[in-house]
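Each of the next two complexes has chain A plus one more chain, namely chain B in the first and chain C in the second.
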Partner chain A sequence: MDKDIRQGRAVVLLNEHGKIIEDIDTDQIFHNAHLHITDIAQMGPYAFGNLEGWKDFPKNCGEGDILIAGRNFGAGSSRQQAVDCFTALKVGAIFAPSFSAIYFRNAVNSGFPVLKIHDLEALIAGKGIVTDDVIRFDVRSGRAENVTRGTAFKIEPMSPVQHDIFVAGDLFKYGKRIK
Partner chain B sequence: MGRTIIEKIIQAHSRDDAAAGRIVWMDLDVRSARDFGGPNVVKNFEQEYGGAAPADPRKTFFTFDLCAPACSLKYADNQQACRDFARKHGIEVFDVDRGVGTHVMIEEGLARPSGTVVGTDSHMNILGAVGCFGQGMGDVDIAFAFKTGRTWFEVPESVKVVLKGRPSAAAEAKDLTLFLCRELGTKKIALRSAEFYGEAVRNLALSGRITLCSMITEMAGIIGFIPENGPIVADGDAAYADFIELDIDGLPPQIAVPPSPNTVRPLADLRGTRIDSGFIGSCTNGRTEDFARAAEILKGHKVKKRVMLKIVPATRRVYEEMLERGILETLFQSGAIVVNPGCGGCAEGHVGLTGKGETQISTGNRNFPGKQGKGQTYLAGPAVVAASCVAGEIAGPEDL
Partner chain C sequence: MGLTFSEKVLSRKAGRPVRAGEVITVAPDYYLSHDNSSAIIGEFKKLGLKKVVAPGKIVIVLDHIVPAADEKYAQNHKVIREFVAEQGIPNFYDIHAGVCHQVFSEASFALPGRVIMGSDSHTTTYGAFGAFSAGIGRTEMASLWATDEIWLRVPETLRIELSGRLPHGVYSKDVILKIIGDNGADRANYEAVEFAGPAAADLSLASRMVLTNMAAEMGAKNGYFAPDDKTLDWLKARAKGDYEIVRSDPDANYEAVLKYDVSGLEPQIACPHTVDNVKPVTAVAGKPFHQALIGTCTNGRLEDLEVAARILKGKKIHPRVRTLVLPASREVYLDALKKGLIEIFLEAGCVILNPGCGPCLGAHEGILAPGEVVVGTSNRNFKGRMGGRDSEIYLASPATVAASALEGKITDPRTYL
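Presenting the complex of A and B:
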């Protein structure tokens, strides 16, 4: 039960014009120059290593941080490292209006919370979420709360499938439970 | 609410509500791995499940097509690792003699209308040609599918694409397909299932349906279906995310110019471009009908002396039909190089590579930089490739 409710600090991925960054691709998340790294523990320092304005992210992020990004997050290649680098940094979740299909599959399969957020543009424009706000959310109900501002917003609840895998830990652990 | 084709197929394999946008668990009729990805599936499987058996070996297959027979030590090792695993668990291997895995599955009746098939091949969605849901996945997903016989999937929304009019007599299924690559690009059906309607697709034979459905990957779609005259139809009140109407009346032959399958121009714009080599084959144009069309054009002609024409049948059965119908002899007499079935000419390895400065015209599905070597690749249908190889420059059959 506990696992469903999480809390963390919001990190809103804005560009230099203060706009939410859309179409962040896997090369910006984890550049292909580092694909030889297979040990998850070593992947953290390369997260967003190629995303303009965010190269210091690994140094500045903290455990449980919630990344908030624009639509089509994770476009591009199928590399699992683009998910695993956030696991290595103990990032708590990623919220975006949409994810690329493969990125979403990879994240779900490794039990990493990726959640679709509603009306992100309005939230950002109305300063409903600002970096460093404390966010509490429930992956089951889709209820999310901005603790800092005392306001509420909505995320898409995990589907039963995504939740099953999330609770088990990853796809393989889930597979062992059902057989 | 009525259902689209993709919703119907997934619903028939799931206890969850398979409406577009939902993530459901789905039963898999066939789970497979090829010589690329296969060894990692075996590795994941053994690491996670030890000596345990797959859920159902009779629904589990290996297909070796990328590098067949193995042209490097790496592939030889990889194929052998899969064979050893297959023997241990009683899994059938369609080995290096058989050809492109998806085509073998169609021929063997493993990919059936309304069926579900997954594998480590990004063009698995070609099975939409027979009304079957096919999907390529990574090695973690496929190892899990081997073990459980299931996978999860987000049911895609569908787009209805209606083609109005009749293409010119010179246009083949490939020309229609390349036209769609241009018009739909990589955004209009991205992450969605496409249903194609209209006279031009209704009349396509299986080989033409295969050509069209094989390039849904290049349009970034999940899968494509041709419901009319096909084995499965959508409900009249099904909900579509988008509706696209395209006029194809009088469509002439089309050519995709480097660097992508979506940069497409009419043959007339490219006529006269000097070529060094040609290729006819791949999962897109590797059927008997494709080679019959090429042979028709090559009969009584010779491939130009400085040009090399490479021909790769999709499967062993295609090869056999070419032999029986005299197609093989015509191709041989024209000077073409004909090799054993498989993905040769498309994937890296075997007859596929072009050298720096080489210009190739190919019936394949991708011409991204570096995909088939350092040269430049133009994509076209079998008739245009055959005619171009005789002329030594991009040409149509009417130019000979």
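Presenting the complex of A and C:
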């Protein structure tokens, strides 16, 4: 039960003009040059290594941080390192209006919360979410709360299969459970 | 209400009628992986199992960094070869074969009605043959090796109807770039994209593969062309095993239907740094660049090399441009060699790369320095993908790239054809 409710610090992925960054692709998240790395524990330092303005992200991020990104997050390659680098850094969740299909599946199968956020543009424009705000959210109901500002917003609840894998831990643990 | 292709294929696999949006568990017909098999092997070993469930369904093609560019890649390849031997995996293609999607198609694992999962995002390519094929990640591939089962959400379908006739100098690459440019890189997220209409039927299978390959660049889960006589001709000589032609019902329920008359289309080019930043070539003509890339799994088949060779024959590449030719497979390379195309490329001043992914993914063989610009026929132009963070990638048809390589600047190919 408790696993459904999470809390963390918001990190809003803005560009140098203060706009939310859209189409953050897998090469910006985890560049091809590091694809030989197969140990998840070693992937953290390369997260966002190719995303303009965010190269220091691995140094600055904290456990449980909630990344807030623009539409089509994770476009491109099927490389799972682009999800694993965030789990290595103990990132808590990613909220975006949409994710690429394979990225979304990879995250679901890793038991890593990727959640679609509603009305992100209005939230950003109205300063409804700013980096360092504390966010509490429920993956089951889709309720989300900006604890710092005392406001509420909506995320899309996990689908049943996403939630089952999330609760089990990952795809392998989920597979063992249904056997 | 009828069913779409994807709903039908997945209904057969699930053993019950399913509709878009449902989540089902199926056993695919084949699962493809490449150099990332070493990471998959690592995941598989974590499960504590000794043997993969269905070795005959596993297809492994080494293509990403071949031959190995350094010791780390060499070690990964070694791990894969040892695993293949130990598990008795019959369908293994070592570094000589080519890009997995071309090799998989030539070896005719891509058959109508088959369900194929690949740990590569361009696995969508096999929809050109009427298969259901989608990309997955490493964990899921390890899970497939262990269980022969995968969960899938039955996708909604976006139908794209193509009519008219392609003008001279305009190709399937221009068609798909135009569609992605108009609709956005996430228009088809999680969806099946079905290409239909008379202009789709006019395309060769090689040209259809360009569309299904790049369906991934509009976010699609899978792409699809209904098999026709051209498909059957291709299969006649190659098909391994039986297959079943599956088509969408005439009254199938589509998420949307987009219509394109290709008759008025001009050559298109995707500009940095997203595939949906598409303009007519004429809008950026004259832009100087440093490297040209002709080939890849998107446009490295014989018809692509023929168009490029026709433009380059008897001419010299601009002295400021390095031109790389990357046949999609050994079979394509051999055919090009026999037809004299390789000689034309060499005399024009091109460098012929061994079939494989080459510089497309920025790991070796033609990495860009910061600030350099490449004009290529590949499928992705993400920032820094092919090397330096500040390098730029433009994507176009083989004709546009060949004509541009001669001029040393982005050039409308129609004057050369």
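Here is the rule we go by: the second predicted complex is superposed on the first by the 179 of 179 C-alpha atoms of A that agree within 3 Å, B and C clash if a C-alpha of one lies under 4 Å from a C-alpha of the other, contacts with A are read in each partner's own complex, and residues count from 1 in each chain.
Quick note on the criterion: a residue touches a chain if its C-beta (ideal position, glycine included) is under 8 Å from a C-beta of that chain, and two chains touch if they have at least 3 such contacts.
Since the model is a prediction, treat every value here as computed from it, not as a measurement.
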Clash or fit: chain B and chain C on chain A?
-> clash
Mind working out whether A:77 is in touch with chain B, chain C, both or neither, as first, second, both or neither?
-> second
Now for A:105: first (chain B), second (chain C), both, or neither, which partner does it touch?
-> both
Report for A:161: first if it touches chain B alone, second if chain C alone, otherwise both or neither.
-> both
Identify the partner contact of A:125: answer first if only chain B is touched, second if only chain C is, both if each is, neither if none is.
-> neither
Using the superposition on chain A described above, determine whether A:25 touches chain B (first), chain C (second), both, or neither.
-> second
May I ask you to decide whether A:36 touches chain B, chain C, both, or neither, giving the answer as first, second, both or neither?
-> second
Counting only touches as set out at the top, which of chain B and chain C does A:152 meet: first, second, both, neither?
-> neither
With both structures placed on chain A, which of the two partners, chain B or chain C, ends up touching more residues of chain A?
-> C
Clash-wise, after the superposition, say which stretch of chain C runs into chain B: 5-13, 275-283, 365-373 or 383-391.
-> 5-13
Taking the contacts chain A makes with chain B in one complex and with chain C in the other, which residues are shared?
-> 78, 80, 100-102, 104-106, 109, 159-161, 171-172, 175
What residues of chain A sit close enough to touch chain B in their complex?
-> 78, 80, 100-102, 104-106, 108-109, 159-162, 165, 171-172, 175-176, 178-179
Touching chain A in the complex, chain C uses residues 23, 36, 38-39, 42, 46-47, 64, 72-73, 76, 118-121, 123, 134-140, 142-143, 146-147, 151, 153, 185-186, 189-190, 219-221, 274, 361-363, 380, 382-385, 389
Listed in rising order, the residues of chain A that touch chain C in the complex are 23, 25-28, 31-33, 35-36, 38, 50, 52, 71-72, 75-80, 83, 98-102, 104-106, 109-110, 159-161, 170-172, 175
Which of the residues in chain B end up touching chain A in this complex?
-> 16, 22-25, 44, 48-49, 55, 137-138, 140-141, 143-144, 147-148, 152, 154, 191, 222
